[in-house]
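Okay, got some structures for you below.
In the two assemblies presented below, chain A is common to both, partnered first by chain B and then by chain C.
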Partner chain A sequence: MAKLSPKLAFDAVVWLLLATMPFWLDRLGGYTQLGSQILVMALAAMALNFLLGYTGVLSFGHAAYFGLGAYGVGMTIKYLAGGTLSGLLVGVLVGAVAAAVIGLLIVHLRGIYFAMVTIAFGQVFYFIAFRWNTVTGGDDGLSGWHRLPIDLGFTSLDIVKSQTAFYYFVFVFFIIAVAIMAWLLRSPFGRTLLAIRENERRARFLGIPVDRHIWLSWLISCFFVSLAGGLYGLLNNFADPHALRWDQSGIFVIMAVLGGMRSFWGPLVGAAIYVVLQDYLSSLTQNWMSFIGLFFILIVLFFPRGVLGFVRRRLAS
Partner chain B sequence: MTQLILYNVFNGLIIGAFYALMALGLSLILNLSDVINFAHGGFLAVGAYLAYVLIPFIGFWGALVVAPILTAILGLLVERVLIRPLYGRDVLYSLLLTFGLAFMLQDGTRFIWGPQTLPFSVPDWLSTPLSSQFFFLTGYRLFMVLLVSVAVIAFFLILHYSRLGIRIRAGTQDLETVSALGVNVRALRSLNFGVGIYLAGLAGVLAAGMLGLQPTIGDNLIMPSFVAIIIGGLGSLPGTLVGGLLIGVASGVTSVFFPSASEAVIYIMMGIVLLIRPRGLFGEEGRF
Partner chain C sequence: MSLLRIEEVCKNFGSLRAVRDVSMTVQTGELRAIIGPNGAGKTTFFNLISGFLTPTSGSIEFDGQDITPLMPSRRVSLGVARTFQITEVFPELTVHENLRIPVEVAFGHRLRPWLSRQGDRKVRDRVDELMEMGGLTSKADRLVGELAHGEQRTIEIMMAIGLGPRLLLLDEPAAGMGDQETYDIARLIRSLHHDHKLTIVLIEHDMRVVFNLADRIMVLAQGTMLAEGTPREIAANDAVQAAYLGTAK
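Up next, the complex of A and B:
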């Protein structure tokens, strides 16, 4: 048998920790809902990193698709009497379709211009959610609905009352999404994305249709962010217009950077740190926004490679 | 009806002037230093609150002069300490840093002055309507349009004829060559940042007089400013000016017919511009 590589061992530890989270999180002073929140945010940050870390394209507007996922699931359950799964499907489709259309408009742009346009486009959906009171609940958000038990035919899964059951419900989607992203990144398609990140001009000369690849990467990224958004809606039984705002987009980016955007698990680490920190700070002080802002600045100035980037460097030297 | 439309066009022009003033500062920093300054709205709020503090001592006119200068000095400090280390690195980092800074400025103003709207007094003779038929033409609004026009004209004159302005424009084209010609690029970027923040501070004082003073005052202006830059074309300052006025009037007119879409309409315009002319109305080809 081949020697266990550190990378595989790390993967195993991550999966083991995630699979057993509801059993040890309480003892460390957390609660299961916080665990679900970490999973959801980690999925969103990892999806963003598919585009940011592996394709080298900076989007600062991913909250739009996150929010669309949340509103999609909420509105399906509230107005169409849909179930949890069909709501999730609608949320993901709505987010993906919006991303596909907007992607066509922006895929020719690069760098700073791309970032700016994604910021601005993100706001469209925020204003729709904010202004269309009668349907979206406006500033108060979309409430008055909740996730429903899932009928599996032979048994029904009660994810409504049991937080632990809901955690594993999220975990299943997390596994599927992460597996697909990991598989895509190992495929020739994923290698092509890396080539574009490293040197776009050279990739173009090799005959790679760069714009189409970036569009696909953008679409895949937004697809999984919408899924995370849908799960976020289910987690809170609520869709919040602030989940659509540019603040949230920035938070996804900082999660990826904090954990290390050149590592596959980096955004997970970043999301876990961010979620726990925010939970702690907001229980401590009203001015948690200042501390989060300060935290951003400190990371950028002193810790730009993120936790895993830092660890990797240490191990290498 | 005509009066209503006229009112909204005029209102749109004023709002557009704010967008333009803010977007010009953003654009200036973006063009020379490749920094998207998310904290611009925060600086705008700082300018407004500084004026609020100064008014009891030096009056409205004194505050109008002093507050933007103080804001610019704060901007220079921030540039020196926080932003300078990031020049030449990925856009991502300056974006995240100014993003965090925006959080801090907004929360800081809320912490010091509270979340409620504060009264902001402008001189009496400015706040009375000029005629009963055109009730919306208060002296303050007219004065604002005038002052913004003067500021913008002065800004473009400085940019075109002063040594600093010529260097800024040259640096926007090719910073390396400018540096090789013996210009201190660090100082140039600092000054440029300061001028940009000055414009934000000025917009802040004026906006406080019209919209009232709240910690989120800059928040509502920053996104349209981004849109103004994109519509006008990245890298073109006249384009930014036109973009700002254009979206101001467009959202003003939309609010007559379809009030709830008055914000969304500017993003739709941006989509159309990107579809037909991806580099923006006045953007140079191939720069971005």
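Up next, the complex of A and C:
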């Protein structure tokens, strides 16, 4: 147990920081909405990393399911007079169903071929959102809706005006999603994913039907990315076609690699760095993306295991 | 009783006929060695048995069931396990985890999102048993990628044993090993065969291992079967001497 305790301590610190973020972020020059954005992006990056870091499968198309989540929630509220939760449910289901069907078509592919096909399918959704002006708002995005208070029966939760309440609304979903992913990774099923990542041939000849397990991992990953996308829509009261585009998929990959894709919390760290840098740099210069790019190159060159991977190595040695 | 019956299998890669009309019957409890010069088609033949490749023609029967069209994972669940010529393990996982994965597959847990305390204990007990058999207990928490070649080979064999196979296919288990390691691995194989009554088919270049362990030997050369018999018969066979052993000496 002595070996486990630094890891447990680290987990505790992460949870504590996340749970208290609205109380200290302002003092560091941030604002609560930025905190919510970090959580949402971290959830997306961690969900991507379920597939990338723990199954060894690279997707450049996760933005499609992120975007479907956002449009799902937006359209449900705007056109179907749905509530916040029912909208979120629709967004997640739409994303998951799309992922399930597309997954069936692509799980037999590997490496760069898999990545390319995920981009291609992602772009299909992007162009639908981009072109179908009357329904999706086209290039302008889907606006004219906003998140609604949550009716809990005995009281109603005002996540509309209170950014703090919304932060904790997102945090609840974050906890559930992250707990499920962590749980799955420690299960027999999770170990079959590690086996596939480590050595696909060996996994196959240990009796693991590799394609089927990759499909499941892909589906779980896309499911939680859709959830993140739905929360992202609610955060901005807006669904943006660029959230579906392949460069957004690339951003998720960057977050995971930046933070360290072999560490469970790596993508969270990567997402936090990315979101904060973006927020800070974009207020200084229009060319903020070049600076993030430069930063990313430096990290990959000097800390190939990401920020958290580097820290962990340092602590271990 | 025959456990494995292979009838006239052929495998062509384009115009190359890697395996030509090879038949082989392995009895339950037998240890069969396949030998032959490089390029004789031994590994291809192995790949046909384990399902890595499908034969161009011919059939493979395991325990009375035609397994020719089955996927590798189905063959594993019927009881066919294999190792590879180049060690195939999970380098960034610990010894315990490497062995745990096949045990969980064998126990039917591979899709389970959780295990009961009791189920977990059963898995751990089996993994401990395997580590002990392979002499790996002290290395349980080491990453497999950090261990010596010989230990990795042993782990690969124990992973296959973890599946609870009825037929174990070993592709050059002593490849790249020193004398001591070869001796250890031969002893492990003998113990699996004698004490655990496992049916084993192995490919091996080290003739000491082959002639010490095998009940029967099949000699392949240029994709066809040159001879088959007991170690004594094979050692006395002129065609084998000429084609293989003679050149090796």
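Definition applied: the second predicted complex is superposed on the first by the 313 of 317 C-alpha atoms of A that agree within 3 Å, B and C clash if a C-alpha of one lies under 4 Å from a C-alpha of the other, contacts with A are read in each partner's own complex, and residues count from 1 in each chain.
Throughout what follows, a residue touches a chain if its C-beta (ideal position, glycine included) is under 8 Å from a C-beta of that chain, and two chains touch if they have at least 3 such contacts.
None of the values given here were measured: they were computed from a predicted structure.
Because the two structures share chain A, they can be overlaid on it, and in that overlay chain B and chain C fit beside each other without clashing. Within the superposed three-chain model, A:Trp183 lies in touch with chain C and out of touch with chain B [touch as defined at top]. Using the contact criterion defined above for the overlaid structures, shared-chain residue A:Arg202 touches chain C, although it does not reach chain B.
Once the two complexes are laid on top of each other via chain A, the angle at chain A between chain B and chain C, using C-alpha centres, comes to 80°, given in steps of 10. Of the two partner chains, chain B is the only one that A:Pro304 touches; chain C does not reach it.
Shared-chain residue A:Phe127: touches chain B; no touch with chain C.
Once the two complexes are overlaid on the shared chain, A:Arg191 sits against chain C while remaining clear of chain B. When both complexes are overlaid on chain A, the residue A:Pro149 reaches neither chain B nor chain C. No C-alpha atom of chain B lies closer than 12 Å to any C-alpha atom of chain C in the overlay.
Once the two complexes are overlaid on chain A, none of the chain A residues touched by chain B in the first is touched by chain C in the second. Partner chain C is touched in their complex by these residues of chain A: 183-184, 187-189, 191-192, 194-195, 198-199, 201-210, 213, 216.
Chain C makes touch with chain A in their complex at residues 50, 52, 71-73, 76-77, 81-82, 84, 88-93, 97, 100-102, 104-106, 109-115, 159, 163. Interface residues of chain A facing chain B in the complex, by the touch rule stated above, are 52, 58, 60, 102, 105-106, 108-113, 115-117, 119-121, 123-124, 127-128, 130-132, 246-247, 250, 253-254, 257, 287, 289-290, 292-297, 299-301, 304.
Every residue of chain B that touches chain A in the complex is listed here, in rising order: 30, 34, 36, 38, 82, 85-86, 89-97, 99-104, 106-108, 110-111, 223, 226-227, 229-230, 234, 260-261, 263-264, 267-268, 270-271, 274-275, 278, 288.
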